[in-house]
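Next come two complexes, and both contain subunit A; in the first it sits with subunit B, in the second with subunit C.
Moving on, here comes the complex of A and B:
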């Protein structure tokens, strides 16, 4: 096409313009072909090198669809992942078939803060770093104050995950929102986006960083914590994998927390170990979510602070020191 | 205008617009001062690199502090290139010719440095490449990176294309410039000989760039505003944040251009080119964009203020009558309302008064970004409890302030270098417009 057009030009000016363009396109084409050829040569060289290293010993293997194939012994890789690699892929995939859910019964909380301590111990957190924090709430001047443990709500429509530029925080099929602190760039957009203030940041060297040096990173526990990265509640994904209840749920002395699987419609109280129907628990007690109007669809439910077991007391615990 | 333009010869114009291109004592002292200051600030940054973001005052609730409000300011200031060259240029305003390069220089400098500002806010700057390796298109940060790079490249090209003719004229002339600079001019003027064909190509390319610049510039500041507006926090959860930020950007940028114009006119003796007319017109531009910005401000505060939804009520209370009230009213009244009132009068659009007004506007514009970014984070939806006092209220540290000043020094260095080694006012275009009889190429 191009060829025909340019040869048909009668005007001298247009002709020269056309031929400049043709030359340009020709050069561009040549450059393109050159790059492609070079790349192909490099690639085939790479393949050849790889082949040269083969041992020549071949093994006969049975494939998944029942065929016998022969494969060079060097090409055989173990299909089973181990160590950090395994933990990372598991960490992204979650626990199959589960939809984890938490129910916090506000009528039982007296701000014992055992959940907070267990959580901070497990996740190597400083005193001012909370995955779980108990807040003293009062909704209106005439309503009664109450204690409200608040952790990551593991939203089904998580605003934090949406804004993360590098997929460092992600939503798993089993409902848990996790963080991979090997990936986090520390932009803190997720903190800005979270309406529940659930996320914390390692502003300074994490607690006992020196003694955790060289420890394998466990994405389901988010330890060791890393300077300049985000941390938050993980629903104790490491404990769930072992079939245990989360650290906070287990540590509560007052029966505040229920934890379980929405698919099974069953939650277990961490203190009494009693297992009850999730739907019945929420129905009978007027279960609700925090700020549902924001459309975040939390996986943490609250039971209202009625018929309280303990009178409300102002929190007396000391404010952590300045960092 | 006081003098008869037609009497300006080509030689006179060339001499006037190029006599500052030499390395003199003032330049060396100024650059030395900037370099030393920059090194001091870089030392502060090295501390942050070694020990983490904890050296700054930002903590878990106010997690975006000076660095981020500074970033917004830098993106804002860079938008002026689009307003002057593209908007005013494309609608056929002839008087902008001597200002276009100043505006483009400011745009290039601020856009380039904005990218560095945001890196200083990263907890893990060494993972910057992850944004490109693992980038997720859902995240507004990816959009921001894309549009800022695009805008920077367009602005750089728009700075360069009109310079081709100027560099050709100068390296062919007898103007005394350093020889290394002459060889740079020769190489980058691409054998320009002022032929009609070359001029046609350059003019068409500039036109295409100007048209592309409009959506690119609107995008950079709209996307930057979305870093806030995509969250549900009171004070950020606003559907007018895009135009609110864009109009505010024009205010900051216009003020920056006026300040630069004043400086170049005085120091480079350009009184015949940057005349009272230009200050008068830029004063009108500043008044116009300030009025538009005032309009968006009224919308932004009055509408939530009327409804007083719970979180909005806390936010507005703090802003209008609480902790941030003094700063808020100084910025709104001193940096917006009073400047508009003054700029309505011709006598305040003379160079000196308009300079003073612009300085006030620019300082207020910086604090305005502070007021947009920080107070919102001091009152999230759920109460801030059981944390140290410095988590509750943000106060910047010295190191943080130095790291915040560094980008300004860098911008001044870039503007100084560009304006010192190239004509501040487009030479070729001015010669053509002033009807200088023959542009000479030897």
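Moving on, here comes the complex of A and C:
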């Protein structure tokens, strides 16, 4: 009966072929077979993995608490990380119990640019690339001009980290915002998000790239620099691990920078090596932050440029590079 | 008459310009000028001095003899040149030690031996230089003071006791000793309170600030040392760890939920909003598809 129907209404049948119950069931069956095949493939893969693990020979090991256990040899992995792997995990974890903080005393800066040079040497930067730059500032026509060193503010609410799509730039528990240039895809969202213009991009082959080829990447130093990735101030995370002050802080001849741990309430001047209380220093000298209204909560504080002992013009002569 | 007047004017002028110049120059006290190095400059010392120089001095003064000093005002100058070399060793030592803006003070940065090593290195550029004989060190006759530190619980104070070893090897309390107390911080030591002088019992008491952070259990590492800038005494500092700081165990800055954090630490409202929107969008899609299927079913039945 049904066959007759189809021959009689062949034209209509072609149009409505897709919607007959038989076809629907056929499609459902095909989909079901597809799913079953996929699941079977996954399952056999799983079985294979499990078999592989089980066939390894077992080894007898001594645990930390003195027990002898037998472990499949395939499951033995080195507990101690070395080289780049170690540096990467250290770089993500930071130094426990610390909250690094920097204080820049504007009244002392006379644009000697030693901080900039030390920084560029350490991070393999070209002379026109700045992690730390000294800006010449004048707030109003009749106020005293001053030099303002500006680096990454290592915000506690970092807009750059929020926009990074690949977790290449990240904040550490000790407050430092770092970059892992192996992950960086060069989208430059972070550059656009940073209100302090602290980030630079390697548009061209980094300085002496050929001679640094094959060098292990150090996330706490961000060297070797990589073409098409971001770089910025890292608070010299590698030096902090050794208990040393950052490159710029150490290099300053004029006592501009203080660096220390907020948890200890102490900062140390890079030039005089004098350690003072952070809270007292900020309170007594009118410490402030850059653009606090943005809610970025910077970890760099500034002391106002009062009692400047030298004129601005003199500082201009001290500038060795013209950019 | 005319001649005398001229001489007088010339004298006056020289006096005036002389004082003007001396007001700007960096005067080293005569007793410091006469200081000589306590050791003989050796080639090893020059090598060591070169290392110290490259690290601390080269950035401004450049390499000796190369005239490549930094363009600063006043000019740092090349230290191999006659202007620098005609100074006595004591003069150079004094300048390195005390500094004068913009030259940094290296008193606490370069140890004394290394400062002499730098001078040895600089003198190696001066073939005419003959080192003055080091003065024989006189036998040590100064006081020998040992400090001890205790925390007095009832008084809530740090008590530092100074003992002096006399020539007959007996120990007596040392009075009039200036004592500095400092607490260890990550990059250096932070002085606690003012300098105190020991009393007749050899004791100096320090109040510890109530708001100074310690580690997570409140422990602080304290060091008491004798203030002896001219090294006239043989002193032994005292160290100790006391649980008198404010216990500080603040969480890491990535531990709180934040907008910028990775998925695991995203704010609850963000997770909820996202999950809800995904559910709603998929819900609508599923609803539409099922409605279409229903309509089709109805049409085939019809």
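One rule holds for everything that comes next: the second predicted complex is superposed on the first by the 243 of 323 C-alpha atoms of A that agree within 3 Å, B and C clash if a C-alpha of one lies under 4 Å from a C-alpha of the other, contacts with A are read in each partner's own complex, and residues count from 1 in each chain.
We adopt the following convention: a contact is a pair of C-beta atoms (placed from the backbone, for glycine too) under 8 Å apart; a residue touches a chain by one contact, two chains touch by 3 or more.
None of these values were measured; they are calculated from a predicted model.
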Inquiry  = I'd like to know which partner A:209 touches here: subunit B for first, subunit C for second, both or neither.
reply    = neither
Message = If we overlay the two complexes on their shared chain A, which of subunit B and subunit C does A:167 touch? Say first, second, both or neither.
response = both
Request  = Could you tell me if A:196 is touching subunit B, subunit C, both of them or neither one (first, second, both, neither)?
outcome  = first
Message = A:159 in the overlay: touching subunit B, subunit C, both, or neither? Say first, second, both or neither.
response = both
Request  = Considering only the touch criterion stated at the top, classify A:128 as touching first (subunit B), second (subunit C), both, or neither.
outcome  = first
Remark   = subunit A residues contacting subunit B in one complex and subunit C in the other 159, 162, 167, 317, 320
Ask   = What part of subunit A is in contact with subunit C in the complex they form?
value = 16, 19-21, 94, 96-99, 110, 112, 114, 117, 156-159, 161-162, 167, 170-175, 243-245, 251, 253-255, 259-261, 263-268, 271-277, 309, 314, 317-318, 320
Key: Residue ranges of subunit B in contact with subunit A within the complex   = 51-54, 58-61, 63-64, 121-124, 127-128, 130-131, 133-136, 138-142, 227-228, 230-233, 377, 380-391
Request  = In the complex, go through subunit A and note every residue touching subunit B.
outcome  = 128-130, 133-137, 150, 159, 162-168, 183-189, 191-193, 195-197, 199-205, 227-229, 290-291, 294, 315, 317, 319-323
Request  = Using the touch definition up top, name the residues of subunit C that touch subunit A in the complex.
outcome  = 59-60, 70-73, 101-105, 108-109, 185-191, 211-213, 215-216, 248-255, 258-262, 296, 299-300
